[in-house]
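Notes follow the structure.
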Amino acid sequence: MEQTLNGFQFGILLFLLAAGLTLIFGIMDLINLAHGSLYMMGAYFAATFTKWTGSFLLGAILAIPACMAFGMIVEMIALRTLYTRNHLDQVLATFGLILFFNEFVRLIWGPIGLDIPLPEVLNGSVELFLGIRYPAFRLVIIAVGIMVAFLLYLLVSRTKLGMLIRAGASNRKMVGALGVNINLLYTFVFGLGAALAGLAGLMAGPIMTVEIGMGEGILIITLVVIVIGGVGSIKGAFVAALLVGLIDTVGRSFLPDILGIFFSNDVADTAAPAISSMLIYLLMALILAIKPQGLFPPRGA
Amino acid sequence: MKWSPRIIFIIILILGLGVVPLLADYFDEPFYTVMFSRMLILSIGAVSLNLILGFGGMVSFGHAVYLGIGSYMVGIGTMHAVEDGIEWMANGFLQIALAIVFSALAGLVIGAISLRTRGVYFIMITLAFSQMLYYVAVGNEKYGGDDGLSLYMRSDFNGLIDISNDNSLYYLNFVFLLLSLYLSHRLINSRFGMLIRGAKSNEQRMRAIGFPVFRYQLVAFVIAGTICGIAGVLSANQTEFVNPSVMHWTKSGDLIIMTVLGGLGTLFGPVIGAVAFLFLEEFLSEITEYWQLFFGPMLVLVVIFARGGIDGMLVGLDQWWSRNSPVKNEKVD
Amino acid sequence: MDLINGGAETLLLRMKRLIKMLRVDSLFKSYGALLATDNLSFQVKKGDIHAIIGPNGAGKTTLIGQLTGEIESDSGSILFDGNNISGVPVHLRSAHGLARSFQITNIFHDMTTWDNVALAVQAHAGHSFHFWKNASQEQELRRPAIEFLAMVGLENRAEIVAGQLSHGEHRQLEIAMALATNPKMLLLDEPMAGMGPKESQAIVKILQKLKHKLTILLIEHDMDVVFTLADRITVLVNGRGIATDIPDAIKKNQKVIAAYLGEESYHA
């Protein structure tokens, strides 16, 4: 049961990253490898602000707009020219940005990882139903994530901005023709994506280490998530993120046991780690074989 | 063959690569032989990637996986030879053969699934597959896992060539590079090559005129992977060390950078790119510990401004030269 | 005995000629609420130049898509030379003998004109798993290519990179590439698109040379051209075929005039 909740929690983090990434791709047609770097910045900003203010809550609240601003600055300086370029160019350029950000972080914060201390209230565990105890902070992550998902849903389906976003996802030219300031829209969307990534980073920070290159590993999984969910679709990102989070976490913990039923313990022990890592990629291959556009491709894709 | 600055540059480059060990020995700086040896190996990787990326337009972000496969063939074989006494497993010919077989197989499976997609999906899927194999290697404790394997001997080529000698290995790499360049040359001008290039240029049209594009792209994908697998064998011998990071996605990114930097879709571009990339890496890291701080943005700038890579700049130089050179091609008054 | 055999042969020949090159029956295609192809039926006789005309939005693009295999029909059948080609993938339609040119020039911009046509020839000259021999030196590919170029008047532009050709030359190249696949029927999607009167004339001459050598399905806006070339015309309005007849009859057809009034473009 604990593993299931962990799976959800991981899925929520993935969702925050995937939502931003898929938004940026859906609207600006920009494949942004440096999204993981934004996640990293969230964690580093939060670590620093927490140290300055002595409160994790304050640190987190300050880190989010910091990330958003950071993202918007990056967008304005480096990414504007890439919108008209082909995907290979975008991949290379954002790859270059990853290298830059990693070094940048090393320059300012040093090569050693940081810790984000949690306040006492979040450090303990909470008793859930059936007498199961679960870490309070992880529960908070899940709660925050669901709330953000809900807010995003409201934003996209109820507001004018959301309408622009949905329109942009299926027909970029039309949005321009509507007389909307495209530059402003793009910058804002990127900032939103950066904020979401930063939020994921600052929430992940306390439970995983805050270190250089922390973004890369989770970026790949995020890419898998948006491919499975359908590039450009937030709903797809949500479903796929939870699916991937669950399968990865639960799979890793139960696979050795499952394999142990069919094979000898020796075989199970050597094969399990390898296969667990492969699980989500196998899932992706499976989904693509049946539905190449992903589970919920945005209309017009 | 017309003499032009570009041709001269390329000839000097190739000849230069050919004499590196001799010069290194003369100046007693064996380090350079090793450094350039690495360039040769990565050039082979870039040449193979160029086949599908530069000429075929298939942006594979998982090409380093074949370097990994080739490397591990050497690693696993040599480990068994040394630890279990199974001598034939350290045989270079066998290891190359196995590298070819498994690279081809991997290319077949990865390609068969990935090539059904296009654009962004293709990039991400090839990336995902290489990461998958990366994690398999990391999780594989028997063969070193995350730490990797040290090789206590280099591959044995039955006395045909003794690559425990750095210079010999260098020339083996050089020969393979020349071979891969020649193969590349023949391939891209053949019917097969025309098809692949046509598919990059205009896939819709290719289908309209009747080409079943998928199967040919798959074959190209397999060929590229196989050549890269051989480079992997050489790489393991060169570093005498094998670990999963050789197929990490950032290495695939490095290969793409080399290919693009040198000039996509040109024969010698990948070599130029690999040499330039490694030179920059060496040079910049001498200057500052934070060299990636400059390398990153530089990459961004190259992407934005130097679309044709270095080879493109050479072509531009050629054009400038033919316009401004005080040479006999003037009209007779 | 002889009479019976001879009679059987003539009967077979007559039956063969009766098989239409293209037979479209009750074709339907809708995009949500939009009915792009609405119960469309028409036939193209072998050797004819059959034109399809219609105001903008009549569904010509959707029809072309279904004929080439890029769009899947909702229902109805497409019989090409007696064979049902619905569901046949795009690249195999060429093998069946259906070639197309594109309305928006769709060539290999970075290759020479000669290479462009040679590729089209290559597509039908056996498999392409040849890895060694230089394709630009294969006479089997080069000679037919230059002949097709000559057919459209581009033989002197063979070595030029295709992206550098003029717009009119692009349209000529489009036709050359379609011809190079040795088709039974040529589907020409607005070959005159974007051309001035002189350039149009060049294309018209090319098509006139081809008349009766193969079947041509011509989608065109330019009425002068259509009435000069076509043996038969089908008029498409809102996805429906409202008339299929010889040009003179179409000109006088009340339904056509009503649907078309003010829509067509006459070249000055």
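Order of writing sets the chain letters: A, B and C. Residues in each chain are counted from 1.
To be clear about the criterion, contacts are C-beta pairs under 8 Å (C-beta built on N, C-alpha and C of every residue); 3 or more make two chains touch, one makes a residue touch a chain.
On a predicted model such as this, the values are computed, not experimentally measured, just so you know.
A.B. asks: Can the chain contact pattern be summarised as a line, a ring, a star, a complete graph, or none of these (other)?
C.D. replies: line
A.B. asks: Per the definition at the top, count C-beta pairs in contact and tell me whether B-C or A-B has more.
C.D. replies: Most C-beta pairs in contact, of the two: A-B.
A.B. asks: Starting from the mean Cα coordinates of chain A and chain C, work out the distance between those two points in Å.
C.D. replies: Centres of chain A and chain C (C-alpha means) sit 50 Å apart.
A.B. asks: Averaging only over C-alpha atoms, locate the centres of chain B and chain C and give their separation in whole Å.
C.D. replies: 44
A.B. asks: Express in whole angstrom the distance between the two chain centres, defined as the mean CA positions of chain A and chain B.
C.D. replies: So the centroids are 32 Å from each other.
A.B. asks: Could you list the positions in chain B whose residues touch two or more of the other chains?
C.D. replies: Residues of chain B touching two or more partner chains: there are none.
A.B. asks: Where on chain B does chain A make contact in their complex?
C.D. replies: Going through chain B, the ones touching chain A are 53, 59, 61, 113, 116-117, 119-121, 123-125, 127-129, 131-132, 135-136, 138-142, 249-250, 253, 256-257, 260, 290-293, 295-300, 303-304.
A.B. asks: Which bits of chain A are touching chain B when the two form their complex?
C.D. replies: Those in contact with chain B are residues 25, 31, 78, 81-82, 85, 87-89, 91-93, 95-104, 106-107, 216, 220, 223-224, 226-227, 231, 270, 273-274, 276-278, 281, 284-285, 288-289, 292.
A.B. asks: Residue numbers of chain C touching chain B in their complex, please.
C.D. replies: 68, 90-95, 99-100, 102, 106-111, 115, 118-120, 122-124, 128-136, 138, 141, 177-178, 180-181
A.B. asks: Per the contact definition, I'd like the list of chain B residues that touch chain C in the complex.
C.D. replies: Where chain B meets chain C, its residues are 186-187, 189-195, 197-198, 201-202, 204-213, 216, 219.
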